[in-house]
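Order as written gives the chain letters A, B, C and D; numbering starts at 1 within each chain.
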Amino acid sequence: MIDKFVTSMEEAMAGIRDGAVVLLGGFGMVGQPDALIDGLIAQGAKDLTVVANNAGTGHTGLARLMELGRVRRVICSFPRSAGSVVFEALYSAGQIELEIVPQGTLAERMRAAGAGIPAFFTPTGAGTRLAEGKETREFDGRTHVLENALPGDVALIEAWRADRFGNLTFRESARNFNPIMAMAARLTIVQTQHAVFAGGLHPEVIVTPGIFVDRVLHVPYAMPVEKGGENA
Amino acid sequence: MIDKFVTSMEEAMAGIRDGAVVLLGGFGMVGQPDALIDGLIAQGAKDLTVVANNAGTGHTGLARLMELGRVRRVICSFPRSAGSVVFEALYSAGQIELEIVPQGTLAERMRAAGAGIPAFFTPTGAGTRLAEGKETREFDGRTHVLENALPGDVALIEAWRADRFGNLTFRESARNFNPIMAMAARLTIVQTQHAVFAGGLHPEVIVTPGIFVDRVLHVPYAMPVEKGGENA
Amino acid sequence: MPDTAPLSVMALNRHGIAARIARDIPEGWYVNLGIGIPTLVAEHVPAEREVIFHSENGVLGVGPSPPSGAVDPWLINAGKQPVTLRPGGSYVHHADSFAIIRGGHLDLCVLGAFEVAENGDIANWATKKNDAAAAVGGAMDLAAGARRLWVAMEHTTKDGMPRLVARCTYPLTAQGVVKRVYTNLAVLDVTPRGFVVVEMVRGLDFESLQAQTDARLHQAA
Amino acid sequence: MPDTAPLSVMALNRHGIAARIARDIPEGWYVNLGIGIPTLVAEHVPAEREVIFHSENGVLGVGPSPPSGAVDPWLINAGKQPVTLRPGGSYVHHADSFAIIRGGHLDLCVLGAFEVAENGDIANWATKKNDAAAAVGGAMDLAAGARRLWVAMEHTTKDGMPRLVARCTYPLTAQGVVKRVYTNLAVLDVTPRGFVVVEMVRGLDFESLQAQTDARLHQAA
């Protein structure tokens, strides 16, 4: 019987290696896999490249992972925000690398990785600092930038409901980066609020089919607002 | 009040011009907008480029449109099948142009058009006849082919449920090309089996948001199997 | 009549700019509003005029902020503020959300800016020329992708420096994309000839507006 | 023992080939089955072994054909045949369905073929060299995209011409992608040295197999 549920955080984190490219779902606090990020902190992998929309806030979660010196490089669209104190300090000290990617390009690069598209042209960023050094080409008289797929070794994502096949739904705006990160990583690990029986998700409403999911950990009733406060 | 429902086929077909690129949804009979294709036949636009998975079967629908000499060019993945007699005759007589595109490339080219991506690299077709004359590039030691977006002037698609905002759901495998064609066309016209009140579709289960839809015609209870018989 | 004392200039405040923009948004448009003044625009669209607001984080049909007791923690906008969903709203993932943006499906995006140039260039993300860690978010996608880009901003900086310029000096967000600028002093179209003044606030004359503008202004034909 | 009469060759029929393939598919794999012999493979996977079948038209979790009275007209597979959906199944649109294929998410695709070459090339879509209207469907995407490509086919044509060849003569579907071939006579791996015989049907010897094969065969080390 296929059963992607794991019963411990250790099992969920097994095999994440030093140097891994880790995709972290969520936008702000919403849809962010907080328990799994804490699990990654405990697991110990280092020299990580983290792909996320933000560069962490406060001193928990991704910020804590960075504070522990475990993150070599951040790829994100929104590094600097009110609470990004850890990132700011590391970045000023030259202790962390940063790649800023426009948010839509970030999303599309991961979707491309999941879809077997190694590169694509986009109008976003053409003629700006973020396109410097990149190949460009005109289409219909407009400059476009060639962007590469961004695959992950691991994705940590949050779902609302999951079944043993790894089928997922998301709640409202907690969908955000989670489905595309699930596609883009070789190993996709999910924390879900609700675990449902096989067949408990209607086939038409499944957003992420289990083919994109490797492990599911049931972490009920995490409220995104509880950790609120920043407006990154 | 936003209301994308139209009440007549004439209204649904208004403004489709000679020379238009028309995307036709469906895979086999399933999810095929038969009523709208009949409406297009009645409407009279000619010199059309039709994008569909097949090149029509029997003497109805797309095959009828071709038989009337209204289709200049077909872009599809599966032109030759048991019932494709009209296409076969026109093609042998040199009276219709054909562009064969691998099915996944066909889908991705339309998705790209809808997503503002003018071109992308794909491994599909590399080293085959369908890549002849196309730009190629190596990624990770593997040859990839550059493919262009395929936008439509018009998309004719079939949905299961629709509301006045143009939000759509599809039934089972009738989803197929319909959502991506809706994204890829400047004018997207929908026939829906069911019309529901505003807010009658749960926000989490809407597959095609109304932003991709221009007009909706309520055509209840068309059964895909009734027209069955071919196995194209 | 013979009174020659200058009328006082009725400069708009932030809500005034937002309300002015709202007047120009017809029913049925799909609109993305940036952070700052643009966010206020939604409040000024009359409830009976259906405009569908999009947020980069995958929300179509964004409604007003909820009352404080009724916040849904899973429903935020791109500015991370709690919002509501209107009937007919829906959710998409980030790749689809930016397909909406990049694919030209938004009728309008309204952004704030540091500078807009007469060639339609916009600079709105990096405040310092060599801030390598500036946060771009979805600004470049929105600027490049929306069918129409309007900018809402103060006509000058707090120090009185012009923000409508011949050429942008801050790092660009996108090239040649701005169609219209709404400031506290005027509404200006970006045309092949440069900025054309569509209207000015009461009490302001063209010369005074030009004096607060780096780029050369043109009067509507 | 001293009986030297040759054993008769126990060539497999279509279901025999399908059953042989089914033996090699472990629980939990995501598998796409092409038209012809590959379609039969699903029937030979024991019901208690969960294998998830994908169909190009956006179905994950394809189940067996429905009884004739219970056909759901909206649920077909890529061969346009009515199918059912297993618990845990789901639907995606065509772009997502081919993202699954091209993105390397399928553990296995089994296709039929006209020819397979010792370098892993496959020809399975155009029967004539200059048939400009041949129907490719999803074959090229599947061949290029699946993590493993296995081919199921008769070892020779009806006229006895070899189909395992040094170089394909029919138009290619994809280059260098076939990992394994299951025929009515043998199972062969495609390796850097060429075809390696993994097993043969009872009564067949290596020389006889080689005689029916254009490419040079290798014995497993």
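By definition in this document, a contact is a pair of C-beta atoms (placed from the backbone, for glycine too) under 8 Å apart; a residue touches a chain by one contact, two chains touch by 3 or more.
What you see is a predicted model; the values in this text were computed from it and never measured.
For chain pairs A-C and B-C, the one joined by more C-beta pairs in contact is A-C.
Inter-chain spacing, taken between the CA centroids of chain A and chain C, is 30 Å. Distance from the chain A centre to the chain D centre is 36 Å, each centre being the mean of its Cα atoms. Chain C and chain D have centres, each the mean of its CA atoms, that are 56 Å apart. Each of the following residues of chain C touches two or more other chains: 85, 91-92, 95, 98-99, 101-102, 145. In chain B, 108, 111, 115-117, 122-123, 170-172, 203-204, 207 are the positions where the chain touches two or more neighbouring chains simultaneously. Chains that are in contact with each other form these pairs: A-B, A-C, A-D, B-C, B-D. Residue ranges of chain A in contact with chain B, taken from their complex: 108, 112, 115-123, 137, 139-140, 144, 169-172, 203-205, 207. Contacts from chain B toward chain C in the complex involve residues 1-2, 111, 113-117, 163-165, 167, 183, 198-199, 201, 203-204, 206, 209-212. Residues of chain C that touch chain B in their complex: 27-28, 30, 50, 52, 54, 60-61, 85, 87-92, 95, 98-106, 145.
Residues 55-59, 71-77, 79-81, 85, 91-95, 97-99, 101-102, 126, 132-141, 144-145, 171-175 of chain D are the ones touching chain B in the complex.
Put simply, chain A touches chain C in their complex at residues 27-31, 77-81, 87-88, 91, 98, 100-105, 107-108, 110-111, 122-130, 143, 170-180, 207, 223-226, 228, 230-232.
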